[in-house]
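Chain lettering (A, B, C and D) follows the sequence in which the chains are written, and residue indices restart at 1 in each chain.
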């Protein structure tokens, strides 16, 4: 938890530049303050961080390896490495954050966790950590998503969680967050809200980034072992931005170029403007009157109209750069990585892959050393991809 | 002191408990008639909900009404235009989420409220710490920024909130979003804690759905805010005179 | 590759006691001999084993952790640990063997790999390793299995493999092995047959065991780090027996009791008798005239009427013990592990879990230190389990 | 020397090329009539396939026939019983997979073959190295154990195989399972390599599906084995006289 020039702690209001903050109903303010205090104390407590690291090691399979993607590198004319969050328990980086927050829940003496989920990755991860630690767990999920991702609903139920279909608004992720916040108001006493990305009110964006920064710190050391002192480019997909923030954290104060890749249909940096939603001031997709727009992406995990406030800030100051990838480009990238490297990435991750494939020789000079954060595995998406390829062919 | 606060303090001095009904702007084409009806029935001020796509503090009833209003194309400009037809002279208080004002531009938004005859604003997701810009804009345009105190708010925060709130202090009766209600809630205790720090009028709201609940709340506080039960009636197709009747029952209960 | 008293190399004919051997058509004999020589040389070559270990580390996520299952331990009154093969790339231990064999394929100068698969786990693992190494890959899969496991077929295809539906016999795993052998005859020159378990003709049972023994060796060291010098019981499910052989190898010469758990419907030790099939003499389920019987199990990976010859031998000499678990007991065990530890196991693995749940206080004395080989993750089975639980009401 | 080998060596001395058709026992209720027909048509010995559930060396045609036979309840005992009705006097050679004999008990199985009038046995999945028990049992019961040499067999192995095989040495014409065929195969080269090590009769089989292929093979070897094409005809419903005609064509081609 070193003090960085870039990606250090936000100010006491949770501001990253003009972004972040804590835009919550007064009823939740004490819980946010309590959480901030608890997090700051825990994160400075070697006993806590050791426990966090132990659970990640013993239970979640950390450290995940860095894999040199040799065949794809040769084809592209760059040196490409993948940080393998797909190998973490439950299949993505989401577990890192969730283990940190559930441990914190126990430390705060709370007995119950609520969470929102879109496709179900964060929900499954939360249900998993709660089962492992013996916490009660309720997951809010848009009704449409519960239908699209019925298997993930069943997975959460197997893990002992209660899944509540959210029938308000667009009945997807954005509304699941609204509903989780509404519910949190009624049970802050004994319940922690385990937010799934670097978003929401302070201290969530900072806390989740810190709990994901293990990705970047591991990767930096592992690349070093592979002879790469500093990569030229670090690339990650961005939904809320937690995997990106996690990997960026390991390289923020190096010369590495940091690149976040959004879905074209959920491109808060590309198409958004500053706004306030879900407890934070950040970049949001919204209409002329400030009504939040529906995101649409082929990948449920990037289907969010906002972005974490720290990313908005990093974009603002030019420390990180954000690009958008269209649905059409994603499937091809998933196929290329599967075929040449034997890794079927999540559709979310495939956005980052697609950007690399597209930009070699342009944004990525030939010969560059590139680190791809392979945020998750594609098993969850295989049925969908199959349908889509059938549709095409 | 803003005009609204002056008015409400005088109301209290007169010994009258304040009744503040809430309606969602734009929920029907003739939503203005509900405002007129409520004013007729003895409302002391009326909260006008400006619909937002993601109403984090609202329960299903108000969510549904907001959605209808948005589908009908409601926005700050259309509300302002609609309000120009209002004949009743009753203080109006805007209630919405911060992004609506933030996106409109806080200065411009406060001006718009003023020019629409709105003299107060409740923005539940804008806490004390983040409000400076908005509060300043409101001050310029004689719009009272009304803050909430929740049952969970610690005492030191109550003091800071009551010293910043204008018009009245909104005492949240329960840890819940709008619309939920079974018991009387903790409004009385919240009001007590407010009074230990300030003499600002303290109104109780959130989950007040029956005249008898309103009666109890008015015993503890200086006024009551009644929302979801009215909005539900509107959603169910109530006429303006039916709404007038409902508001009158609340009026009777607290007088 | 130390010389053990138990689980040392078989004799020069590939015999483990009276089991094993090389019962193949003469046309395949030279290929088996060539493979044996190549394996013996490679396995003694530090460059090769280092490469094997490097790929497992960099690509497949080894070492997989040993997770203390604290909540379940407390409930059962034993000390239970899980070796987490579910966290290996592609979701099971199968990748260990496949990486060894594909590296060997390259070393032998062959350019192509064929494999059999039942549910598709070994097929996906083989397709994965082939993609990673740039080998051509054809997978034989019973026609019925290609229908039941259509998503795994698609996965293999995404990874560049050709999947050939086998229409002969019962059109399941047993026939896929037959067909792969038939095809191998026609292409031994440039093609390696990558068998998926510790079965088939010598050197496969030995070679696959060696390539899976990394499980047991890692686990022994990891348990030691957790303060367990020697576990009292080591439990693994048994289809062909590769994950069991792999974990047993780390404990064969300790006092640990070794337990293999078969599916009741594929119980070669429980219901079988000595016979010859698929190139080996082992225990087989067969009728009175020596016709091989269909296995049937809820879990496709245990749906095999035989068992690896070394297991037949270990059973024979009493060094390992084999038990059978019925389909009905499996689902409950899957639910218990999911609920109490946040790990949804594969249906195969759930057999081993079920045995533990059932035998605590009987075969497993209270207070025992038990190592469960968690051979794979249940994601592949979740749809099936959902249907079954629905069926129950 | 087994009776079979003596007989086949004499056949060779007489200058006659051996024709060995193959049928699956039990494929039809009256499968014995095919054996009679083939004997009539000039077969010098007949291979009788004992069906096995997992025929690893067989292509689709023989697999299908084996499946039909198994479905009809065929087993070693039923085959033996059926054979007792055979009138033709032609050497019979069993062909099956090792598990059939292994499970029956090798001693008992060899005895059963002998008592059924079978004087040779081909067990393609039982290699030299694993055969000792079976070979010994066969020896006791005057059953010739016939071994195969494949195109891939290295020379030193060829020598060991030819010194162990009895009756004849089966020269596999190609690297394939039964039934596949397009070209002439490598049978000639395999026979040459067999002859460099032994004077045992060498018969060519695997994939010989036409009389002209049989003719070519008989030029190189001492006999030919013809299987799948006959089995296919049986599966297609050929009558015994049609089979007789087919075998006669092969006979003509190699004489």
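Descriptive notes on the structure:
The definition used in the following text is that contacts are C-beta pairs under 8 Å (C-beta built on N, C-alpha and C of every residue); 3 or more make two chains touch, one makes a residue touch a chain.
The structure displayed is predicted, hence computed values, not measured ones.
Taking the mean of the C-alpha atoms as each chain's centre, chain A and chain D sit 67 Å apart. Distance between chain B and chain D, defined via averaged C-alpha coordinates, is recorded as 97 Å. With centres taken as mean Cα positions, chain D sits 37 Å from chain C.
Residue positions of chain A with contacts to 2 or more other chains are absent. None of the residues of chain B touches two or more other chains.
A linear topology is adopted by the chain contact network, the touching chains following one after another without closure. Contact annotation for chain pairs lists A-B, A-C, C-D, with touch applied as defined. Within the complex formed with chain A, the chain B residues making contact are 52-60, 63, 67, 70, 75-76, 97-104, 124-127, 129-130, 147-154, 157, 161, 172, 175-177, 180. Contact residues on chain A toward chain B in their complex (touch as defined above): 13, 21-27, 29-31, 168-169, 174-175, 178, 181-182, 185-188, 273-279, 281, 284, 286, 289-292. Those residues of chain A that touch chain C in the complex are listed here as 57-59, 61, 64-68, 71, 84, 86-89, 91, 127-132, 134, 151, 154-155, 158-160, 334-335, 338-344, 379-380, 382-383, 385-386.
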